[in-house]
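In the two complexes that follow, subunit A is the common piece, with subunit B as its partner first and subunit C second.
After this line comes the complex of A and B, so read on.
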């Protein structure tokens, strides 16, 4: 503890990020291929959920259609590799960022005109549009079979599972740091003000709809990046990426971690990736488990499982004020 | 790509026009039943029931149980029994689970019904298996009829008539009966109704029964002419969302007009632009959203 105290507070973040980065980079030295795959998946979900939480946790808008932007990112990369023949991941990545940016800006513009129930309804409807599109444009998208995606190249190196893992890890650390910067910036505080009370926020001169739109786009781009990494990880793209159960997965990830905590989605993603790989080994009724957990969380743990546990422990053991009855 | 319409094609188009219209109306009929159930629940209880699609699917699957027997009396009773059972399931869900989240933020209500939807859909998969179930006995037995120069299945016509009849009953109920007035009063102002001595909780429960029963009826009606299959829940939910957005959330009249628009657009779209028919519906929805955000018949969206 003595050493910890001697470190100035402003170094906490760079040091912990550095330690995280070192851990992630050295992880493949000790882990099996399957574990590397699972951790890649967990980090991709973490990127996606971090983006999703800008909208859900920080702006207070619940979207049921965020699979659309993951899918757009994945399909952009997958189709450009398989149909156009672009193999360079730098270009593919940029293309995925741009398409997810464009599409989330367009759909977000329509959706943020509404709040609460109507917002959820619209995001869901637009999300399913892409699902149907992936089926209907079968000569491009391969219909229900999808398209298998060959490995791309990063600066001329073949991007196999291992190199992909490093790319995912580096991007994750960068995006985590960026997310931290965003939520603590005036922009992030504005979003939180909107979440707490949109009417008051409007009164103090915040252009609520515009900020909600920005938040929507930001989360769309994070989702697109996650999708761009998802396609080469599975070497396959398929319409279920757009399905509303996929949107439910990011919701689930955010909820088990707790949407009121910055790191909640990251913890949720790690739990989720491992949990899912075990549960799907035992039962084919994964949606049942997913749905039941979401319902239970909604009824009993409004702050998410980790979030509720955290606030319980904090109140029980670290509370500074003693409440007497 | 759309089929090329030549000079001969125009004559063909005119002669088959009634077919498109009938198909569109048949499609609109089931859509109206689903969407009106959804919209009644929303306007009274304030809950957007994301499990409504799964309720509809459950109705369809339950109806296949009797449809497959081929016993005509049993099948006729199905159209009364299935909505009743589905209504009871809706009632049970409301009393058991949704009751507890009325006072919570809308996110938690949505999360709960979303979770329920996945659970119900997977229960259907557990009970009936992943294969689509076809039970077209009634469609075959009722035969076809020549109408407006085209040959059309009698059963589909019956469905259109039944939906119109149910819509009429619904309107009479809400507009002309005492219970209907109370239901509408609860949708306008919950606290005032409660203060006037209305048992609001009971009305909410009744609304869930009614809305779910409408979904169940739609499911039972659609089985003979299509199939009961997994995934029909999400499709129905999304399409009734679109109907509701076009017509206006919380309006039966809006659900009626909206479902006719969506039904006809789909039926024409499938013929001319089979790959883009869905895009048309979304474009109409986007235009309505931009020009008239509360839908054609929606009242000002406000939750007290």
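After this line comes the complex of A and C, so read on.
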């Protein structure tokens, strides 16, 4: 405790990120290939959920179609490798960022004109639109079979599972840090103000729809980056990436961890990825068991695991009585 | 004259909420709008602040016609407003509630990388505003922890953070205990006078209205039935009859 107190507060975040980075970089030295794959998947989910939470947790907009942007990122990378023959991950990554940015800007612009259930339904409809496209454009997308994706190259090195893991880990730390900066910036506070009371936000000079749109785009780009990493990890892209059940996954992940806590979606992603993997190995009824597990977690921890733990600690140790003057 | 309302009307079906009214407000004054429930007071505030679009008429603020402008543009011109039921960001701290208004008015809301507390000028301005409204000691509390009186004050403080020339305050003391009312209104009045702000206040408590207003406008069934300084309104029999529930 004494050492902790001697560290200035402004160093907490860089030190925490440094320690996290060290752990992630050294993880392949002690873990099996399968665990490396699983942690890659968990971190990709975490990037996706961090992005999703800009919109859901911080802006208060519930999207049921965020698989669309994951799918756009994955299909951009997958199709450019398989159909165009581009192997450089630097170019593929940039292309995925730009496509997800463009698509989310366009769809977001249309969706934020609506609120609540209409917004949610519109996002769902656009997600299903991409699902149908992936199915129907057989010559390009391979229809229901999807497309096999060969490993790309990063600066001339083959991106096998291990190198991909390092790329995922580095991007995760960078995007985690950026997300932290965003939510604590005036922009982040503005989004939170909109979530809390969009009417008031409008009356203090905030163009609410515009900021909801910005949040949608930011969220879409994070999702696209997750998709760009997902395609080489599975070496395969398929229409289910766009399906509404996939959109449901990112919502589950965010809720399990706690959408009101910054690290909630990250923890949710790690739990979900590992839980799903182990349940799948044990039973063919894994969707049922997984759904039940998520329901139990949601019932026990209504604010998500981190959210509920935070509320418990706050009430137990830091509760104070408010006295009116 | 900072605000001029000309032939303003707003109907909801057959109901004439605001029925072709005309009035003006001088800079640096406190004008109260009074009247029984359903007189059209809040509708009038909603029309001026942009929450509602008028059916006809004009609203001039500093000679700019703001009729039909969206609220975010109106507030940037220098009109702040508070609500009968406080509109505040419950899950943010008291300080953050005020800071968001300041970022907005200073054009900082697009800043995505700098920490929100690293803007020293805005931080000290926010603390000064909270101090003015007696909320500085509670700056780090989440707003859901605040009692009702403080929530009302915070709602008004957020309007003052916009550096407004005109504030529209919708029942600033409603829901506050009678003992608290005087404290709340004294703080609001001090803030108005200190900042040299013009105020248009909707209020039910006639003691408060007579104590703090420079001018009173009496509304009934969407129309203005009387207008004048407190002493003129006090002796007006028609006003008395309307406010006590009788017919005009």
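Throughout what follows, the second predicted complex is superposed on the first by the 292 of 325 C-alpha atoms of A that agree within 3 Å, B and C clash if a C-alpha of one lies under 4 Å from a C-alpha of the other, contacts with A are read in each partner's own complex, and residues count from 1 in each chain.
Criterion: a contact is a pair of C-beta atoms (placed from the backbone, for glycine too) under 8 Å apart; a residue touches a chain by one contact, two chains touch by 3 or more.
Treat the numbers as computed from the prediction; the structure is a model and nothing was measured.
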Subunit B versus subunit C as contact partner of A:292, first or second or both or neither: first
Subunit B versus subunit C as contact partner of A:302, first or second or both or neither: first
Subunit B versus subunit C, judged by how many residues of subunit A each one touches: B
Which of subunit B and subunit C A:190 touches, first, second, both or neither: second
Partner chain(s) touched by A:122 [first = subunit B, second = subunit C, both, neither]: first
Touching partner for A:64 - first (subunit B), second (subunit C), both, neither: first
Overlap of subunit C and subunit B interfaces on subunit A (superposed complexes): none
Interface residues, subunit A side, partner subunit C - complex: 181-182, 184-190, 192-193, 196-197, 199-208, 211, 214, 260, 322, 324-325
Partner subunit A, residues of subunit C touching it in the complex: 49, 51, 70-72, 75-76, 80-81, 83, 87-92, 96-97, 99-101, 103-105, 108-116, 119, 134, 141, 145-147, 149-150, 158-159, 161-162, 180, 183
Contacting residues of subunit B [partner subunit A, same complex]: 42, 48, 50, 97, 100-101, 104, 106-112, 114-119, 121-123, 125-126, 234, 237-238, 241-242, 244-245, 249, 275-276, 278-279, 282, 285-286, 289-290, 293, 301, 303
Interfacial residue positions of subunit A with respect to subunit B in the complex: 56, 60, 62, 64, 110, 113-114, 116-118, 120-122, 124-126, 128-129, 132-133, 136-137, 243-245, 248, 251, 255, 285, 287-288, 290-299, 302
